[in-house]
Structure formats: C-alpha cells, structure tokens
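Here subunit A shows up in two complexes: once beside subunit B, once beside subunit C.
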Partner chain A sequence: MNNCQRLLISTLLFLPSLMIFADCGTLRGTGDLLLIIERMTGSVVIAETTNNTKLCQLTGLGDLSHASVVYSRDQRYAFVFGRDGGLTKIDMLLGQINKRIIQSGNAIGGAISQDGSLVAVSNYTPGGVNIFSSETLELVAKIPTPKSSKSKKSRVVGLTDAPDKRFVFSLFDTGEIWIANMSNLKKPEITKFTGIGKQPYDGLITPDGRHYIAGLFGEDGLALLDLWHPEKGIKRILGNYGKGQKKLPVYKMPHLEGWAIAGNHAFLPAVGQHKVMVVNRNDWTQEKAINVHSQPVFAIGRPDGRQVWVNFAFPDNDTIQVIDTDTLTIVKTMTLGKGILHMEFTPRGEQVWISVRDKDQVVIFDTQSFKSVNTLNVIKPSGIFNTSRAHKIGL
Partner chain B sequence: MPRFFSQLVFGICVITAVLINTAQAGVSEQRAKELTYLLHQDCGACHGMTLKGGLGPPLLPQNLINMSVADISAVITYGRVGTPMPPWKAILTDNDIHWLSKTLKAESNE
Partner chain C sequence: MNNCQRLLISTLLFLPSLMIFADCGTLRGTGDLLLIIERMTGSVVIAETTNNTKLCQLTGLGDLSHASVVYSRDQRYAFVFGRDGGLTKIDMLLGQINKRIIQSGNAIGGAISQDGSLVAVSNYTPGGVNIFSSETLELVAKIPTPKSSKSKKSRVVGLTDAPDKRFVFSLFDTGEIWIANMSNLKKPEITKFTGIGKQPYDGLITPDGRHYIAGLFGEDGLALLDLWHPEKGIKRILGNYGKGQKKLPVYKMPHLEGWAIAGNHAFLPAVGQHKVMVVNRNDWTQEKAINVHSQPVFAIGRPDGRQVWVNFAFPDNDTIQVIDTDTLTIVKTMTLGKGILHMEFTPRGEQVWISVRDKDQVVIFDTQSFKSVNTLNVIKPSGIFNTSRAHKIGL
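== the complex of A and B ==
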C-alpha cells in the first residue's frame, strides 16, 4: 500500500467523524440543544430538536451509570455528574469538554444554584455535598454528613437547588433533610431536620420552588418540607403511598424528579405497585390511583401538563404508557424495545425523546399523534437532558 | 503499560471465570451473556454499572470475601428484608442465580 492509498483509507475512515463533528462549533443558539448520556461507553451525544439530528459525540467522561446533567443559565455549558464522582463541564456550542474533575469516589447527581454561580454534587463515598464554582470547578465549600456507621458518612440523595441561594438534600442512611444556605460561601448556613423517615432515597422540589418532598424507602409515605415555612418542620404526607396491597419486589426504584403537575393534580410513581398516584396539590392527599402496565419509574408531565408519560421497571421496561391528565385514563400504550430508561420533552412538549437502551436508539415521537418522527442511533442511551432545564427550579 | 497488563490479566481471568462457570452451572453461552448484561445494567441500577456500589452495596471481589456462593445465592433469591434488595426468584432460575453468585465469587478469587 502506498502513501496515497493510506491517505485515502485514513480519510475515508475519519470522514464520518469529521462530518459529525463539523456541526459543533458553528454559530448557533443553544435553546434547542440536548445532551444524551451513553452510559456504557462513558460518552455523551449532543443533539438538537429543531431538525432532530445528532451534532457530535464526546468521550472520556468516565462511569456514566445514573449520570445526570444541569445547565448554566446561558444554556451554553452542561455539567455532567458521573457515578464515579466525575464532574465534567461541557461547552455545548464548541462540542468540547471545558473542564473535568473527579470530586469524590461515588456520586449521585447534583444541582446548580439559582444564580448559576455554584454547582453542588451529592456524594455516596464519602457521603456529603461538595460545592464548586460553576466558572472554574474549583471547590468552594464542603458539607460533610454525619457518620452512619463506624467508617461511613451518610449518603446524600435528592439534591436540588431552591430559591434564595439554597440547596436542599436528603441523607439516606441517617434519615434527615438539610437546607444549605450558600449566601456566605465561607460559612454555609445549614438547617437540619432529623427523624424525617427511614431511608429517603430521592427528593424533588415543586416547580415553584416551595415544597421539597423526599420519597422514603424504609417506610410508607413521603416527607414534605415547606420552604416558605421551614420553622413548621417536616410533615408526613400520603401515608398510603406504597400501602394498600401486598407490595411487590422493586427491581428499580422510581424517580421523583420531573413529576407531573396538571391543574390541582400531581402525578407520581407508586413504589412497588402497578400504579401512578394522583395527588391533590393543595392538601397533598391522594385522590386516585391509575392502574398502569407495571411498576412505574418515571412519570413525567408534558410541559403543558396535558399528558403524563410513564416508563417501567425491569423486567417490563419495554413499554411506555401515556396518561391523559384531563380524563385520568391511559390513552396510549407503546412497546418500543427493552430498556426504556428515560423520556425528555422538547421545551414546549410537541415532541418527546425516549432512550431505548437495548436497541441503542433514541426514538422521537410527536406527542399529539404518537407517530414516530425520527430515530437516532445512540450507544446504550440513558438520561436525556434538554437545555431548557437551565431555567427551571429543581432541574 | 503495567496498567494495561493488569487490565489484560484481569480481563482474561474474568473470561476464564465466566467460561468455567458457564460449564459448571449449566448455563448456556447465550444465557451467560444475558446474565452478564443483566448484572451490569439492571443490578447495576442500584449497585453501579461497574458494581462499585450506589444505593446498593458494592459487589466487587474485595466486598464479597466474607460471603460464600450459597450466601450470595440466598440474597439474590430471597432479597434482603429491610433493604431495597428485592427477591429475584420470580425472574431468575436457580441455575441463573448460582451462575451469578459464582461469577461474583470467582472474580473475588483472583
């Protein structure tokens, strides 16, 4: 083989990747961009929702199982939280890793502060919260958690931003909810609520930033904190959550993030039951339970609140169901392939992107007609994160 | 280079362990593949894709030193009361569970 042949072959080999990468770095806005996690390969794909295409792939992000993403307020930078404690800042416009650090041994997601200046990461090993400058990723504060055993600090879950420069999170092993006020960076002011219930496994904040709710694995019900009135303490709500019938084994814990709110109703996945709960938002009582295909993992509301899309736990994770929030009935059931891990709506909800892990596909549906719009090849996709999250409390 | 070498050795050991287990536990090659996938993807939902732990404990070799294959099989079969670990007996056969337990243990014998 002569040099020309070599050049030709190498050009042919590299051409596709050059073509893919060519789209990152051109002048454009970021409001229609999203990021898809490729969990097995430690890579991410940047895609756009205007023409439903992939723009580029970035590699070298470590262990991305259960990875999640928050965005800078200018929607240019994505902060990717990896399982291995990796925190990666991605420039969505240039399609480049801006900075990457390993901030702990084992982590479970994070949040960005109201003003966009701080990124907080919740950690399992060692337990606690680390807070970084979003600009430089330099550590600005460390919030250690109490020991839950001789050698281990309580693991942190359900970390979310809250108005007035606060972060709120739950302590899995010691059953607490903490509010960290970051007004004084040198000395974060921590408000602790203890005995909130056994094993809080996830938390969410309502879209208005007022109520923080932790799901409890170790007992029934949810723990509610009114951030307008923290002095009133923790209120237990939905005592029946997880009760009512014999609980089934839970092969995948439901996520609380992204739960749907439509009018007076909030929709949340039941634990260990084939149900989505319909909750009255004013008094947090259960009004109804909708029977669904299997144990729900995510119940995510379309941005206008008219539909709730539900995916399911192993081994029934090949199915999607859509609930009409007006009639509280299931209006669509689709089987898309095993390993449906996440759904993400376009900012105004006319389309939904769904990751189907075992088919190495992200499928895009029109949410009105339920017709498939496009299918993208993505390696073992999991979480999908739209840049419109940048302007939403708690996302 | 030493790192590459150790990874290579580790890889060979894992493959050998998988092959030995496949033969011993009476699981087909295809099933072994499926179970390996399940271990990292679905068990990995709680234990981490690389089994380094998450809400569920780590399942790496050094973490299982004090557990026998029978112990591990019992946990997989019946779950662990008071923890989120569910019983898998409705989904996996005894053979599957034995194979998974042996695979986890075999890795710890290196």
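== the complex of A and C ==
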C-alpha cells in the first residue's frame, strides 16, 4: 500500500473529521491555535484550545515523519519541516497551504530567526543549512558543511534560533557546533567549534537563549556552549549522560528539546535507563535521578515549572507519568493507549494535549485535576505545536 | 473571490465605523499586535511590530491614567483597566470597542485567569475585587474586603493571576495578602494572610508563577509568599528595601511588575535611591547595587534576560539606561525626550518600544545595535502592551 492509498483509506474512514473545513477562514485571533501532525497520511489538523475543537484538516504535506513546526511572528503562518526535505507554509487562518517547496532530499527540522524574517532548515541529504525568506520561501542563503569521510556534506542536527539574529546547529558527521550570525544576509558570519564530541544527534537551547547543548550519540556526556561567552569554547558536561559502558538497549534516543526547566533544576530524560535526571542548572551537575516507568523520550515542563510530564519509548509507550518538581516524586501515572508520541501544554499550562497514535486520538487533560477535558479524533497523531511558540526563543 | 476577500468586504459593509480605521478589520494574525495607551485623550492605538506601523485608533475609554491591559487567550480581545473604574473590552481585529462597563468608582488594574474565562479588577472605591466573565463582562463574583479604619472597604492593589485558577492580591489599608481560588465560581476559596506589613502598594508574581511579592509603602522590606507552600506564610525579605530611615524624597514609587529576572538574579528599581538592586533569587538577598542615572521607575528585562532597560522618575525622565546582566554594568545611556513612561519588548526581544510622552512619540529600537528603527506619532503615549502577554503567567 503506498502513501496515496493509505491516505485514501484514512480519508474515507475519517470522513466526518473532514466535514469541518468550514471553520477555517473566519476573522479570529491566532493565540489559541495549534497544529497537529498526522504523520501517516501526510496531513495536519488545525485546532484551537479555547473550546478544544478541530477547525480544519490539510493534506498533501509529504513525508511527515519526525516533522516539526515553527510559526511566523504574527502567528498566522506555520512552517512545517518534513522528512523528505519538504518545507510547507500553512495559512492557519484560511486553512490553506500558502506555499510548498522541496528544499532538499532529506531534512530534520528547522528554526525561524528572532525577527521572524528567515526560516532555516537543517539537511541530511545533502548536508548543510538552507535559509529562506519567511515571506516567499525564496532561498536567500546556503551554509554548506564540510565533507565527512563518506565524501558527503555533514548532516546537520539540533538547529535552533538564538538572540541577536543567530542560528546555532550541530554537524553530526564531523562533530562540530556552528553559530551563524545572519545580521548580514549576504555574508553570514560563521563561528565554528570543532572536536566537540562524536556524532552530536540533537541540540537544544535553554529558554533564555544562553546555553546551547548538544547530545552525543557516539560517546557519553553532552557538549555545552555558553553563547554569552563563545570565546570559552565547548565544555563537556554530565560525563555519564549517554549510552554508557554497558551499552543498554536504547529503544529511542530521548528528545533534547523537551528538557524541562524548573527553578534551578533541569529535568533530562536518561538514555536507555528508566530514569529522569535532575540536574543543577548552575554547574550542570547531576543532583538526583527519579525512577520512572520505562525509557523516557520527552520530559516536558508545564509552563509554570511545577510539573514535568514524561512519555516513554516502545514498547512502554502507552503510559504518561507526571513528576512534581517540588517534591521530586511521581504524582500521577496514566495509561492512555499505545503510541503516546508527544505532549503540548496550553501557553499558561492549564491543559495539556497528548497524541495517542494507535487510538487515533488527541486527548486533552486539565493539569491540575488530571481529569480528561476532551478527546479529538485525529489520524495517527504525532507532534502537536502551539502558536505561542512564535514568541519563544530557541524552538 | 476567496474567503478572506469575502470576509473583508462584508466586514467593511457591515461596519461603516471601520471606514476611518482603514487598517483594522482585515483577516490577520494577532501575534504581533500591541496596544498603546493615550492617557490624556482617553484613547488607544492598535499597532503591529512586524512592519512597525499603527493600525488604528479608538476613542472613548475614559480616564486612562495608570491604565493597564490584559488579553484574551486567543489574543483577539484586549481588556483595558481604566482609573475611573472603566473596564473596556476591545476587539483588536476589528478595531472596535466590543463592550464597555463602569464597574466601580475608582480602580487600579486587573488580571485574567489562567484559563482565560475570568477578568478580575482591583478596586479603590469601593474596595474589593470584582470578577467578570471575559466573554460578556457580566459580573460573576465579588470579593469584598474588610473595612479599614475609615469605614471604607480596603483598597486592593497588586492583583495578578496565578496557576491553578487563582488570583492573588494585596489589601492596602488592612495590610493583607489574599489568594482567591476560583475553581468553584459560586464559592471562591479565599486564603488570607494578615499582618503582612504596612500599606502594600503593589505586587508582582515571578514569571514561573511561584512567588508573590508585595512592596510596602508604610515600612521597609518586601512581603514574600511562596504559592507552592502557602502554609509557610509570609516571609519578610530585603529589609532595607524601601524609603529607609532618611526618608529620601521619593518622586515615584517604582513599579514592581517590571522586575527583570536573568539567571539567578532579579533586578529591582530601588526606592528613592539612584540604584538598581541585584538580588539573589534563591534566598532573596541583595548581592549588589548598580548606580544609575536617577531614581528608577521600571527595570524591565529583555525576554532573553541579557539586558535590563531602566527608565527614571521626574525630573530625570528623559533618559533610558541599559544594564548588561552578564557584566552588571551600564552599556548604553540614551536621552530621548521628557516623559519616558514605559517600555515594551517584542516577544523575542529583538526590538523595544518606548513611550516618550512629551514628544507625542513611540520610538522603536533594535536592542542589539541600539539603533532607532522607527518612530510613531502617538498622542501622549503611556503604557504599551504586547498581545504575547496573553500567554504569560502573572500579568
């Protein structure tokens, strides 16, 4: 069965969900919108968090495995980064594809510049970063990466925006972190850090935009860059963080961008172990580890930092656990169905939206009472992305 | 004709009053909008930060001295709290007053609940808090305050929202802090802290929604409440913070809600002194004081925390200073004209909008280069409020 047939079948099965197209196209605020990835069918759903309803569905977005989304500064447009190099600009108000290009053969996420003018995509095939005008999706700059041993340009991962018109990203094959200052578009100023560790596979920037941290697939520990002091170079932190000596079976490398920050603590999903690590943010040392249900994938903080919600790798991906960041204990365990892939909080944290892929559902919970508020039918949902991301640094 | 055009035409036909507001009324995102108070004329200007232009002006909002604004969770509606007890709901897209009520004789600000359903107003005459449906502005609850010695209900100040459907506020005349849990609207659950200090005159909540801090007009020090541990009661911090023994002339009590947070430091405008205090956020002790131009009024952090912008009390209110939070030094001093009343950063901090009242201007700066980006003509501008406030806790 090809993608097209799959889409046809799902479309017929979920016909009722397609009947609500009418709800896009009206004059409305954009602060309570979100976009849900339907990976299998190459489609997305636009929904809203005030009444917790779906507004419309859009098809034709290509391969959306590992897809991610950033928003224009006015929150009207979503930029969807597909796995097949597709970059799709969606009009969240009209519920239409505004523009779609295939910008490479294989890509892994992207970022939007601080001023909203540039969209950058990190590529696997070929490597390097492509930078587009957010208005037209016209290519405005290319940042090529060095050739790796396989005579291919190094793959790029962990691409994020940073204050002062910069992008920061890691080079998987050559073990580097680069800062690209885009103040002068015709001549991006690149600062390169080499030998940062083997195979950086993902990166994150702290919510204040100061620290960039890359996870290493090829060795233990994390590479830390203080963007306020790039002259100090890369520091290795949490030397035990990684797959370790015992080479535990790792079902899925945890997502770094999901790191939760609460007060002086950062909460990190451990690699391969059934633990969430509690790290001191001042010196980046481990203070504690909290035993959890299985191998964590995301550990995402409620916007006020009081709770951290954790999901898990296959085969234990039917469970959610909630950590109280004050007592550092698990206060809730819920079994929601197989394939819990992502969680997204409403901007002020009163609700959380959770993708349960194998039940074709997005479930919405009140985060104070843990009561279910609503359930939406969504075809094999994966990532969920709130428009309030438009206002955040480093996404 | 597409949906957008159809909508625009019907909107314009249906609402002749829009003809004078040519730039409001179109289908557009709401993430880059802001509202500027024109205090003297009882009017407001709606503007946008993508191209830095004014969109339209609305009149008839009454006495806007000390006016403040919160936003609906979808960012379509602004709630403007006037000094005369007026509560005005503005449609930011249509550029119209949606509803306006006079809810008391004299009021001082308000807040919107975490879920966006309730708007609360803190009143001077009579005292107490009135709570309205954000949709209809219908009065849904009243929280009366105790009578003070003058046989009037205590005035309410420093009203903010807090996580888990709570409002927190201070009672000026009786020296109390109250938490109102609005989970059950028919029976708000009030937790009262008495004897917290003389004449709390303003309050703030930390960005994570955990700590509520009230400034005291009648004595030195600040009253701190840990909302994660209300059972621990009120703690007095920064015992020297205030007017002090020497009773320096204080031209204007600083605004507490402007406190900047960067890493482990909070930056506080000192009372009466030409200093900004650097406070350790972990134990709330003073670490340092930075000498500044005059008596500070607001010390507002750029969203990434790297800069703190400070304005000053009369007669030195023509100057802005910028503190680098890494080196704790002043990196820029600018003289912009008399009556610099407020500063508002764009959500990711690349620009700052500054009201210069006596020049009838709002000036916009790039925060990295300190270069002027644009200047807008606005009548006696005071407060500036970005729609991204909709997504923040404790505003």
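Note that the second predicted complex is superposed on the first by the 369 of 395 C-alpha atoms of A that agree within 3 Å, B and C clash if a C-alpha of one lies under 4 Å from a C-alpha of the other, contacts with A are read in each partner's own complex, and residues count from 1 in each chain.
In this text, a contact is a pair of C-beta atoms (placed from the backbone, for glycine too) under 8 Å apart; a residue touches a chain by one contact, two chains touch by 3 or more.
The structure displayed is predicted, hence computed values, not measured ones.
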item: Contacts of A:282 with subunit B and subunit C, given as first, second, both or neither; value: second
item: Which of subunit B and subunit C A:66 touches, first, second, both or neither; value: first
item: Touched partner set for A:142, first subunit B, second subunit C, both or neither; value: neither
item: Per-residue contact with subunit A, leading partner among subunit C and subunit B; value: C
item: Touched partner set for A:232, first subunit B, second subunit C, both or neither; value: neither
item: Which superposed partner A:49 touches (first subunit B, second subunit C, both, neither); value: second
item: Which superposed partner A:187 touches (first subunit B, second subunit C, both, neither); value: neither
item: First (subunit B), second (subunit C), both or neither touched by A:350; value: second
item: Residues of subunit A that lie at the interface with subunit B and also at the interface with subunit C; value: none
item: Touching residues on subunit B, where the partner in the complex is subunit A; value: 41-42, 44-46, 48-50, 52-55, 79, 82, 84, 86-88, 90-91
item: Of subunit A, residues touching subunit B in the complex; value: 39-40, 63-66, 83-84, 106, 108, 124-125, 155, 157, 172, 199, 201, 217-218, 249-253, 314-315, 339, 357
item: Complex contacts: residues of subunit C adjacent to subunit A; value: 2-4, 7, 11, 27-32, 48-50, 71-77, 92-94, 114-116, 163-165, 183, 208-210, 228, 262-264, 282, 303-306, 326, 346-350, 368, 387-388, 390-393
